[in-house]
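Each in structure tokens, the structures are laid out below.
Shared between the two complexes below is chain A, which has chain B as its partner in the first and chain C in the second.
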Partner chain A sequence: MLVEIFITMLILALVAAALNKYPKISGIVTFFASLIPFLVVISWSQDIGLSFPQFLKFFTLEKSLNYNIGIATFMLKITPLGWFFLLLLASAFPMAILFSITFIKKNAGGFYAAMITSMIGSMGILLAQDILSFYMFWEIMSWSILALVMRSHDKKAIMSYLSFGVLSAMLILLGIMLLYSETGTFVFSEMGFMANNTTLIALSLLVSGFAVKGVLVPMHVWAPYVYSRSEEPFVAFLSGGLSKLGYFAMILFMYSVVGISVLNSWGTFRDVSIFGYTLAFIGALTAFIGTVLAIMQDDLRKLLAYSSIGQLGYIAIGIGIGTPLAMTGALFQALNHTFFKSALFLAAGAVYYRTGKWKISELGGLGYKMPFTFLAVLFAIFALAGIPITSGFAAKWLLYEAAIQKKFLFITPIMLIAGVGAFLYSYKILYGVFLGEPRHNVKEAPLSQLAAMWLLVLPLIIFLIFPGWFVDLTSPILKWYGLMPISHTPYTITTSLAAYNTLAVILALIGGLILAFALYFSKPQKVVPHTDNYLAGEPPELYEHISMHAASKYYEPFDEVFYPFFKRGAEMCWMAILKFVKILGEGARAIYTGIVNDYSIYILIFFLLLVGWWLIW
Partner chain B sequence: MVMNIITSILVMSGMVALGFAIGMLFNGIARKVVARIHNRVGPPVYQGYIDVFKLFSKKTNISHGWIFDLAALFSVGGIALTFLFLPVAGVSMLSGEGDLFLILYLIAIPALGFALGAGASGNPNAAVGMMRALMMMLAYELPIAMVIVAMMVYYNTTSLAGIVAMQSNLKWAIGIPPFLIGALVADMALQGMLMEKPFDIPLAPHEIATGPLVEFGGKHLGSIILYKMMGTVVETTLFVDLFLGGGVVLNVNQFGWFAYLVNFIVWFVLILVVFLIAVIINAVFPRFRIEQALKFYWKYDALVALFILFWIFSGVMV
Partner chain C sequence: MVMFDVPPVLLIAFPLFFAFLAPLIYYLSKKSIKFYTLGVLILNAILSYFLFFRVMDEGVVYEQLSGFYPPVGILLAVGYLGSILAMLINTLATINYVSFFDEKSHSLRFSMLYMLVTASSTGIVVTGDLFNMFVFFEITAVGSYGLLASKGTKRSYEGAIKYIVLGSIGSSFILLGIATIYGYLKTLNFYDIAARISTMPIEAKLMAFTFLVIGIGVEAEIFPLNGWVPDAYQGASSRVASFMVLGPSKAGIYAIARLIFTLIPFSDGYELALILGALTLLIGELAALNQKDVKRMLAYSSIGQMGLILIALSLHSQIALIAAVFLIVNHALAKSLLFLGSRNYASGILKNPVIGASIFIGALSIIGMPPFPGFWGKWYLIVDMAHNGLWFMISVILFAAIVEAVYYARFLFRGTGNEKVTLLPGEKIAIISLAVLLVIIALFPFLLYNPASNAATSFLGGGP
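After this line comes the complex of A and B, so read on.
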């Protein structure tokens, strides 16, 4: 049955590609194909120990599949961790496709085929039980992303993705080879580890390879280019969905394959392994750097790309700390990020679809023209900034609690300040694009785009009210790793340090709003256009040709303060490495002169060396 | 059960009303004190009440659309919500249901609502003012976050009610050497939080026409002013809860209603003192530019906070 699902999706990808001339039909076919993984993941829910109702079981699926090809066996099996990440990807994927039905016009068949292939690859990665199938599906996923990046026709985006993709693949391959030489088996469950340096090196290589997908500093350089030049539905899925695969693989290799006891044997700091602590610290650094760089951007897509980097850093913090609280927080942040970042990228696409502009300073006043897009963005931003009106806060709260529980005095303030920085760039999006002076006379986004955005925002509101349901969703994973699920009821989460009751927050907010409404409705009001403004005594006619939108260089004082520190970024560091490699390559190339005489001299020298060595030996 | 809920709702409504009343009073006191320092007569102490009453009884109210109206709703609703999650004079209304992190994020709800309204007005002065307000927030948040994290680790709880409970029997945090310095750091941050000089560049009445407030009038301005006034109570209470034991001097279980009365009076005096320090600094200083404010907080204030972190760190390690 599992093979059939893979084959069905592959066939649908071919059908979508064949319908290249009819973009909408092709999109609708792909949309139905994209629902398959979602139905599959829901059907599996009982197998991993969740009490989902019986009618949600659409397929009867086997839990595992072994496929022997003679020299090796490909093993696929659903695990709680894989199930959770598959749920995230399978929910974000149909929304990206739904959005593309009206968005993608040029060469749509190729786009949809590559999207489905990337999803097939992701499913394989999440089910893989041995290194060979893991790596094979990882490459399928990576190359289909490349096909989608190539559609941007932007040299910088393609080259940066390609070089970092190859770097990532090489690091992972090296790690895999070391693991194999150490254990002599490809199957995860058969690997027994010694706590020695080879394993440490192998694990470091693997994690840094996965960090490329998970865009951790300093492996993040490719992301702003790729995120800002490719088509929005793809970027929404890449940032929202596929970047989680890096974190899935980190959890898999750190806690499942190698195991916590081996990690701890390399040294611990307050009961957290040094390896995990380093990862958490890199995550905090990523959160901070991503945030500061996001504040400086003017291009909407680049801003979202850097904010994505910043928000993904939080997941790494949770994975690094590795306590039940931190793991739940990391998974919760992964879920939130999937939904709010996909929604934000799709909203950016909708804004572009209507106005044809990407620069924040050229947009403005769309809030009254595209109210439903604006509200979707507002909720997504509440989740991003961690305002307790969406589930975004619960995830950050769990991570803060986990860090304080382990008495991490330096990581926690960095996390907090990155959280505050998120308000700054969030407001830049809100003001620059949706508020201020109306400059475009446009309609609301098409229905398919609105539906995609709102379906993505919905889970954020549901998990705001019931964070306990999320904890239920992750408890099989924690049990899988032998950790105790955190104590909770549907509305409350309790830790050893404090409690968080969402019902109290919502009821108190409603109470406060009732008071505010009572004051607000006390007197009638008159609505005036933005031209009827206080302009310090100047007549408004003077301003007809001058923009009153202050979004250009919005955070200029901030840029002036921080620019000197970020002038020499990670990109320059990579450029220096590139230069070094180039010089090395040039030196090596000097040997190949193209003159036959030179080559004969090389052969002679080689022969003499051979003879000399033989004589001496 | 039902009676309990009704009682607690009544208590909370009463507390919110008290908070607003104290906020308005503080506004009058601040104006009087600044006027006396400037050798003026100044308005009467009850001027805050007059202002709010006048604004809510205006006949013409100008709005810039429904996003603009969100400011009026979220600012009053959000600040009342935040106040409910603070332990006030030992009375923990909802503070058992959330912790200090929640409060730090709840304060952002009215601020964000206000920011939405200011942006929706379309006035460039409002946008510039909002940019400065957000940068100011980023600036003062670093030192205060460091001090708060140090306190959380020291007391081994993230709950504000828990921190207040740990300081009962007059074991105030300010009596512990690192937190005495921490209180000074946090007081500097409080100056920016309250937007008093030298950190009042976001409003800067003479330069950008009170910035974010420029387009507000009538009931909208009334709501925003209520938010600002309540904001002073919330922020000073936060400071008092963190460093001065929340104003709890008598044990409620031992002395009954008399303890509540004394605690409330002590709490009121303490927040008034903390507020007056800010007002007196405000009266004699010129204002920083925004990048100067950022550099001040991140260079000097945060450096001292870092020193406190290392101090606590060395204590934790041992």
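After this line comes the complex of A and C, so read on.
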């Protein structure tokens, strides 16, 4: 059955490609194809120990599959970890496709075919039980992304994605080959590890390879270019969905393949392995750098790209610390990020679809024209900034608590600063794009785009009210790793430091909102012109040279302080390496002078060298 | 599967005979010469299938020529690898010839040379006699000089002349090597030499090895003997370059394999091959990195691929040899596809999806993207190196792979740009057929794996 599902999706990808001339029909075909993974993942829920109702079992699927292609066997199996990440990807994927039905017009067939292929690759990665199938599906996923990035026709985006994609593939290949030579087997479950240096090197290589997909510093350089130049539905899936694969693979190799006892045997720091601590520290650094750079951006896509980098860093913190609390937080953050970041990128796409502009300083006042888009963005931003109207708060809270519990003096403050930074850039989006002076006379986004955004925001609200449901989703994973799930009821999460009761929060919030509305409507309102807001009632003629837009020079002092430190730091290093390789290339080219005399002399020298070798030998 | 037992000699004799018959046909009807050539090539390809299946059924096929028994008489010995390569060369030569089909003035000389080079390349991979191999090398080289110059531009003459100079130096080295061996052992038969090579004085053995490595290395594009490659490929027309990649260079690498496995196997020889392979790989790939001209870039990349194949051969283990077969087949298919497509990539994927996708497949296979054959080649190679703990070499290969991916992406993205030539229908057919072959191997890798596995076993046992 599983093989048939893969083949069906592949055939639908070909059908979608063949319907290139009819973008909408192609999109609808792809939308149906994109629902298959979701139905599959729901059908599996009972197999991994979740009490989902029976009627949600759409397919009768085998739990594991060994597929022989004649020269190798692919071993696929559903595990709790794979199931959880498959749920994330399979939920974000149909929404991206739904959005693209109205968004993608040019050469739609290729777009949809590559999107489906990337999903096929991701499914394979999440189910893989041996090195060969893991690597093969990883490459398929990676190269379908390249096909999608190439649609941007932007040299910088393509080259940076490609270089880092291949670099990551090679790091992973080197890592898994080291593991293979250590254990002599391709199958994950048969690998028994010694805590020696080879394993440490292999694991470091693997994690740095996965860090490329998970955009951790310093492997993040490609992300701003790719995220900001490609088509929005694809970026929504890339940032929201596919970047999680990096974190999935980190958890898989760190805790499942190699195992926590081996990690701990390389040394621990407050009961957290040094390896995990390093990862957590890099995650915190990523969160900080991503956030600071996001604050400086004026391009809406670049802002979202850097914010995505920052938010993904939190997941790495949780994975690194590795306690039940931290793991739950990391998985929760992964889930939230999938939904809110997809929704935000899609909303950015909708804004562009209507206005044709990306610069925040050229936008403004769209909230009056596109109220539903605005509301979706509002909820997504609450989740992003960790404000307790969405589940974003719960995830960050768990992570803060996990770091505080371990008394991590470096990680905790950096996380908190990054959390506050998120407010700054979130406000820039809200105020710069949606509030302020209305500048555009546009319509609300098309229905398919609105539906996609709202379906993504919905889970954020549901998991705010019932965070316990989320903990239920993750408990099979924690049990699988031999960790205790954290104690919870549908409304409350209780930890050693504090209890978090969402019912109380929701009630207080609703009460507060009613109070605010009552105050708002109790007095007659007066409309103030926007110029008055900026000029405090001074006559506007005097200040015509001032740009009266919220986002222009919004955080000027902040930018002045931080800009010198963040001026393309990591990028410069990579460019230096590239330059060095190019010089090597020039050197190699210089050997081929084009003069036949030189070539003849090479042969002579080679002959003499060989003879010399034999003489010495 | 075997309908009749094909004598291997037919594979060489047919095209040779028909090549020299060609002037007569040309005299009778100038237009029919291309159909005639195509017919001969197809016939030869069909014969090579029968031979392949015969070898798969019976094992190594021997045939003695001219009535003398070996070691005096000439012996043909078709092993597994030989039959795979004979099939590969003849099939691809046929497909490649289709791309010349639309040329208005079809010259007699070109058709003759094409058949000659096909026949002699096949000869190299089926022979069991050292001097016979040398003769075929000479025919291949002389034919290639003509083909490379056939474009008739200054560049193509220049490239061909460089090849002539280096090729002649190489030939004289081969001859020196053969003379050394014959002087001591009084035999030219591969098996006879292999059996008695240990009786030769060590100095003579080393000198013979050196001469032969240098001589064959020129043909097999090994650094530092491959100076002619970039110029010749750049100057020649894209279709001729494609033919050079699939025919003569494959025969050259086969000869190297015979030399280091059957003829003079010793541990320093493997070591030398490993070092040369790594150097060839690195220098080829690095030189391609900054190259703007597409054909020259593909030529450098071809050098790099040859280095990779040489590394795989030098490991002399079962898995590495399977990897080598995959890499050889992959390089023959994908690189000749890319050369054919190099004339015009500006049209890109968007304008012509089928051609664009075919070229994309070719590039992906060269880079080593699963599930194409290039992936299996690199995978098995790296698995074998991991077995042996050759971590430094793995790093070299992976570094080269990154470089390779970068410049291929540039190729795919930017294309040639300046030329606005549309591909001829024949070229399109050839490109699509090559891509289809790549996809077939990608879907059913065991089709290649099983013969490759046999070939590896046979080679490790000292057979052909």
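To be clear about the criterion, the second predicted complex is superposed on the first by the 580 of 617 C-alpha atoms of A that agree within 3 Å, B and C clash if a C-alpha of one lies under 4 Å from a C-alpha of the other, contacts with A are read in each partner's own complex, and residues count from 1 in each chain.
Please note the rule applied: a residue touches a chain if its C-beta (ideal position, glycine included) is under 8 Å from a C-beta of that chain, and two chains touch if they have at least 3 such contacts.
Computed from a predicted model, the values in this text were never measured in an experiment.
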Partner chain in contact with A:Y368 - chain B first, chain C second, else both or neither: first
First, second, both or neither for A:P524, with chain B first and chain C second: first
Contacts of A:I274 with chain B and chain C, given as first, second, both or neither: neither
First (chain B), second (chain C), both or neither touched by A:F393: first
Greater residue coverage of chain A in the superposed arrangement, chain B or chain C: B
Contacts of A:I7 with chain B and chain C, given as first, second, both or neither: neither
First (chain B), second (chain C), both or neither touched by A:G421: first
Partner chain(s) touched by A:L608 [first = chain B, second = chain C, both, neither]: neither
Chain A-touching residues of chain C, taken from the complex the two chains share: 161-162, 165-166, 169-170, 173, 203, 206-207, 210, 213-214, 218, 224-225, 227-228, 230-231, 268, 272, 282-284, 286-291, 349-350, 353, 364, 367, 369-371, 375-376, 379, 382-383, 385-387, 389, 391, 394-395, 398-399, 401-403, 405-406, 409-410, 412-413, 444-446, 449
Chain C-touching residues of chain A, taken from the complex the two chains share: 20, 69-71, 107, 110, 132, 135-136, 139-140, 143, 146, 150, 155, 158-159, 162-163, 166-167, 170, 173-174, 177-178, 180-181, 581-582, 584-589, 591-592, 594, 596, 598-600, 602-603, 605-607, 610-611, 613-614, 617
Complex interface listing, chain A residues touching chain B: 365, 367-368, 374, 385-389, 393, 396-397, 400-401, 404, 407, 409-410, 412-413, 416-417, 419-421, 423-424, 427, 430-431, 435-438, 492, 497-501, 504-505, 508-509, 511-517, 519-520, 522-530, 532-534, 536, 548-551, 554-555, 557-558, 560-561
Parts of chain B lying in touch with chain A, wherever the complex brings them together: 9, 12, 16, 56-65, 67, 69, 72-81, 84-85, 94, 96-102, 104-106, 108-109, 112, 115-116, 119-125, 127-128, 130-132, 134-135, 137-138, 141-142, 145-146, 149-150, 152-153, 156-159, 162, 209, 214-215, 218-219, 222-223, 226, 289-291, 294-295, 309, 312-313, 316
